[in-house]
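Letters A, B, C and D mark the chains in the order given here, with residues in each chain numbered from 1 onward.
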C-alpha cells in the first residue's frame, strides 16, 4: 500500500535526529513519553523492591530483616514512589503522552515546550524524593499526616520529600493542562466529542482532575514545607493550628488522585475490550459519561478517608452518602465491558489477558470499597489490612494491570518491535496469580482486626502474612521478567507491523514507529470501532480493506 | 494453544473465587457467636495485674470477623455480612459472565464476531438504577449503625484515655491510672480521649469501634461491652517507630469484677514498697520503650547505673542524676537533656504520675545502680 | 461544545512557518488563530488551577476566622490600611496598563505596548516595595508567624514585654526598678507585690513555653488624690488585682499598668511568681478592676476606663493589651497568603520583563500577541486575589 | 456558538483573532475599580456590626472581581467555555470551603493543654 511506501520514505521518530541533545531537548511528544516511560519503569522496580522488603519483613512476627524504624521507611518509600512516581504519571504522562496526539490524528500536543518542562519537573521531583532517602528517609507514610510529619528531627528528609512532591504535582498539572487543550483544539475535522476513542475521554476526564485537584496538593505540601522551614503553625496543634485540617487538604487532592490513577486505566481497558473482541464497545456513551462523572464526583467524597479522624458526624454522613455515588459509574463500566464480550470474537493476547484480569480485580476492588463507604463497617475496617487490600486492588490490581495491558498493546506501535507473546502471556498470568495471592488474605486479616503499618503482629495473623509474602514474590518476579523482556525486545524484538491487533483508532493508521509528526499524510477519519473493513493479513498484521467504489458511507452510531 | 491458555485462565479464576469470598460463605452464614473456639479464656476472677498481663486475649471469631463483644458489633456485623453477600453475588455474576463469554466467544477458526447491538438503553438504565437503589439502602443501613455509635447514652462510665508515643493511659473515675482498659460488662462506657503528641487511634476489633486521638482535642467514643473476656486494643493511626507495640488489653469484667479490680489496685499501690511501685510503673507506663534496665541505650539513656552519675547536658552544663533531676526529667523532659540523647523527644508525664509514683520511679532507678 | 477545530495536517519541518503571518506561529498549529485560541484556553485552565491553588489558604482563613474572630479583630490592627489601600490602587493601575498593553499589541502600536509594559513592571515593583516596607516593619517588631510571633507592641501600639525581650529600644533599660516596699500609701491603689520578675504568658504562642523577662518597675509618686503617677515613664507598675490575684488561686496573676511618656496608661494582667495580698476595698472613685471584661486569665487585656467608655474606645483599649492566645495564627495566614501572592507578583515581573524585551525587538504583531494577552490574564488574576486579600486581611472591623 | 456578545458594543471591535477592548471600557473599568476601593475603605469606618461589615466588604470585592474578569480579562466578549472554566474553578473552591466548614465544629483549641491535663488526672 502507498502508506507503507511513504512510511519507509520518511524516517521514524527514532531516526529523524540522533544524539543525546536531540533527546534531552526534544519537543516530540513520543520521545518525551518514552523518557517518562523509562523513568516510570525504573521507579516501578524501585517501588516494587521496597514492597518486597516490606513483605519480607512481615514474613514472621517480630524482626525478620529490619528494625521497626527501617520498616516504616520501607513502606513510606514504597507508597510515595508507587503513587507519585509510578501510578499517577503511569498512564497519562507516559502512554497518554505518546498515544493521545496520535489517537487524535494530531502532529503533537498543544504545548510541546510545556510538555518537555513537565517532564523535567518530574525528573527533578523524583530526584528530590530520592534525595530524601539519602538524607535519612521519610517515615511518615506517603500521607505525611501532621503532627507526626512536623517532627523537626526529621526535617532533613521531609523537606526534600515534600518539595519533590510539590514539583511532581506541577508536572502532573502541566501534563493535564496540555491534554485538555490538545483534546479541545486538535480534534480533526470529522471527529466530534462522541467520535473520540474512549481512551481520550478517559484522559480528558483525568486531565480535568489533574488541573482541578493537584494544585491543592501543591499548596498543602508547600505549607508542610514552610512548617518545617519557618514554623508557620497552620497544622501544628502546639501553635493553635489544626492537624485535622491537613487531612482535609490532603484528601481533597488525594481522593481525586485515586481517580487520576483509575480513570485512564478504565479508558485503556475500554480500548482493549473492543479491539480484542473485534466489535464496538457496548454502550459507548454511558462509558464516556461515566468517565466524566467519575471525575466530577471524585471531588465530593474525600471525607470518607476521615470517618474516624474526629470529623463531625454531619460531615461523616454527607461524605458517606456521596461516596456511594462513585460506585454507580464504576458499576456501569464493568457491566458494559462484560456486555462487550457478548457475541464477540475474543482473542486472548497479552493485552486482553490484562484487561480481563482488570475486570475481575476491579470488581473486587470496587465491591470492597462498599464496605469502606458504609459508616458502620468502615469504623471497624478503617486503617486495617482490609483497606490495604482494597486500595491495592484498585491501584495495583486495576490501575497498574491496565498500565501493563496498555504498555503491551501500544508497545509495537511506539517502539516498532513486538514483545515475546508467549512469555508475556505467562507473565500476565503470573501477575494475576501473584497479585491475588498477595492481597486476598489481607482482606481476611483486615476484617479480623490486623491494623495496617504494623511492623510486628500477633501470631494468629502469621499464616495470612506468609501467603501474602509468597504472592508478593510471584508478583515481583513476574513484573521483573516483564520489564526485562520489554527492554530486550526494544532492541531485538521482531519488527512490528503497522496494525498488529486490528485496532481501528487512528494510531493504527500511523506507521510503527510513527514519523516525527506522526502521520506522513493526513489520516482519514473512519467510523469509530468499526471492525468490518479490517482483515488479518499474515505477517503484515491487519490491514484496511479498500471500500468498493461507490459504496454508501457507513452510518455513524 | 489458545485452548490451553483459556483453561488455565478459567482455573485461576475459579480458584480465586473459591479461595476468596466463596469459601467464606459458610462461616458467614452461621451466627457469629456459634463459631467460638472452645479455648476462649474465662474472665479472671482474681484481678492481680500480673495475671491479667498473662491472660491470652480472645482470638476467637469466625473466618471473617473476630468474636463480637459489644453492642456496637451488631449493626456493624449485620452490614458487613449484608455487603459480603451482595459482593459475592455480584462478583460471582461478573466472573461467571466473563469466563462464560470468553470461552463461548473465543476466537477460533471459522468463528466471527456476531452482530449485536452497540448499546441497549433499557439494559443500561437498568444496571444504573439497580446499583443506585442498592447504594441508597447500604448508606441508610450504615448510617443507622453509625448513629448507634454516636448517640449519647445515659449512665455511662466515663474513662479518660491519653495516647502518647507509644503507650496508653486510662484514668478511671476514682483516679486510678492503668495502661490496660478495664470495663464492666453490660454498662455503657464513654471514653474521653486525647493525645499528647501525634495522632493515635483507639481500636478494639472485638467491639468494632475506632476513633482517632487528636492532640489538643477531645474525641469521644462509646461502647457497651456484652461479653466478659480479654480482648486486644490496638493503635491504628500510624504514630512512629513503635506503632505496632502500642497494643494493650481490654478486660471486660463480669458483674462486680470491675469494682474489685479498682479496689485491689488501690490497696496494692497503698501497700506496695516504692521500688516495686517504680518497677511496675516502668513496665506499665511505656518507659521501657525508650529506657532499658540492662545498660543498652535506646531512644533515651538506660536506667542501669545511671543513679548518681554526673552527665553532660545538651546545653553544655553538667548535672548529677539525683532525685531532683529525675523528677525534672519526668515532668519537663526536654528542659535538661543529656548530650548524647539530645535528639530524643520525650513527652512530659507531668500530671500523669502522682508524687508517690514519681517517688517510686526515683526509688526504682536508685535500686538499679 | 462547538469549539472543535477544523484541522488538517500542514507543515512538517520543511514548510515551517509557511503561510503564517508571524514567524512565531508554531508549525503544529493550523494558523495564528488556532495558536492563539489554544494558548488562551491553556491560560484559562491555568488560571482555574490558580484559583484552586489559593483556595486552600482561603479555607484556612475562613476556618480560623470562624474559630477565632477575636484574633482576627485584634491582629488586623497591626496592619496599616494605608499601605494596603495604596497597594490595591497600584495593582489596579498595573492591571489597567496590562489590559491596555493587550490592546496596543492587537493594534500593532509598538510604542504604546512598550509604555504599558513599563508601567506594569514599575507598578509591580512598587507593589513589592511597599510589601517590603510592611514586612520589614513586622520583622523588626517581632510580628511574625507561628513560633516566631513575639511582638514588641500590641496591635494598638502599646509596648509589650516579649518572651525573649529582644525588641529594639528595649523597655527594660529605660525604667528604673523601684523598691516597692518603700512605696508610699496610695489612695485607691494598692501596691502589694514584692519582686521584680514576672512570668509573662500573654503574647507567646505556646503555653508550655513560659519565659521570664525582667519587669521594669516604676517609681510611683503619690499625688494625694487619684492614682499615683510614675516618675520615669514609660515603665510598668505592678497592681494587685482582687479578681485575679486571689490567694487560693494557683499561679497568681497580677495586674500591671504601663505608663507612657505622653500620659497614657494601659493595663494588662500577667502571671507572676510572687505572693499577693488581698487588696483592700476599692475607693470611692471606682474600682478599675471591676471592668475586666473577659474574666480572669492570662493574657487578657485589663480595661481601665477613665470615663464611661464608648464601644470604639473599648476596642482601642483592647488592642492595647497583649495579643490573645494564638494571634500567631493570623500572621501565619497573613504571611502565607501575601507571601504566595508576592511570589506570583515576582513571577509576573519576570514574565513582563521578558515580554518587554520581546516587544522592544518587535516580535509582537496583530497576528501574534498571545503571550501579552496570556500574561495580562495572569496578571489580572493576581490583581483579583489581592482585591480579596485586602479587605480580608486589612479591613477587619 | 454563543461565543461573543461583541455586536452589542458599537465602540468595540473584533480584530480577527480576538476582541480588542476599547479605551472607554478600559478607563471606565479602571475608574470604577478605584472608586470601589475608596468605598470599601470608607465602609469599614462605619460600624454596621462585624458580620454586615464583612458582607459589605466582600460584596464590593466581588463586584470589583467581576469587573476585572468581564472587562480586563475580556470574558464578556470571550468564548462561553472560558466562563464555564472560571465558574467551574470557583465551584470547586466553594465546594472545598463548604465541606471543610461542615467539619469546623470539631476544632477545639480552646483546650488549655497543660491545665486541662492536670484537671483531668486530679
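Everything that follows uses one rule, which is that contacts are C-beta pairs under 8 Å (C-beta built on N, C-alpha and C of every residue); 3 or more make two chains touch, one makes a residue touch a chain.
Since the model is a prediction, treat every value here as computed from it, not as a measurement.
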item: Between A-C and A-B, the pair with more C-beta contacts; value: A-B
item: Identity of the most central chain, Cα criterion; value: A
item: Chain A and chain B: spacing of chain centres that average the CA atoms, whole Å; value: 33
item: Rounded Å distance between chain B and chain C, as computed from the means of their C-alpha atoms; value: 44
item: Chain B and chain D, separation of their C-alpha mean positions in angstrom; value: 46
item: Residues of chain A engaged with two or more neighbouring chains; value: 184, 212, 216, 237-238, 240, 242, 244-245, 248, 252, 310
item: Chain B: positions in contact with at least two other chains; value: 216-217
item: Numbers and ranges of chain D residues touching at least 2 other chains; value: 81, 88-89, 92, 96, 100, 106-107, 109, 113-114
item: Each pair of chains that touches, named by its two labels; value: A-B, A-C, A-D, B-D, C-D
item: Touching residues on chain A, where the partner in the complex is chain D; value: 184, 212, 216, 237-238, 240, 242, 244-245, 248, 252, 299-300, 302-303, 310-312, 314-315, 318-319
item: Residue ranges of chain B in contact with chain D within the complex; value: 160, 162, 171, 175, 177, 194, 196, 216-218, 350-352
item: Contact set on chain A toward chain B in their complex; value: 68-69, 72, 139-141, 145, 147-148, 151, 153, 237-238, 243-244, 277-286, 308-310, 313, 316-317, 320-321, 324-325, 327-328, 331-332, 334-336, 338-339, 341-348, 353, 356, 359-360, 363-364, 367-368, 370-371, 373-380, 382-384, 425, 429, 432-433, 436, 440, 443-444, 447-449, 451-458, 460, 531, 557
item: Touching residues on chain B, where the partner in the complex is chain A; value: 2, 5-6, 8-9, 12-13, 16, 19-20, 24, 59, 61, 63-66, 75-76, 79-80, 83-84, 86-87, 90-91, 94-95, 97-98, 101-102, 105-107, 111-120, 123-124, 127-128, 131-132, 135-136, 138-139, 141-146, 148-150, 197-199, 201, 203, 205-206, 208-212, 214-217, 219, 232, 234-245, 343, 345
item: Residues on chain D engaged by chain B in the complex (per definition of touch); value: 106-109, 111, 113-114, 117-118, 120-122
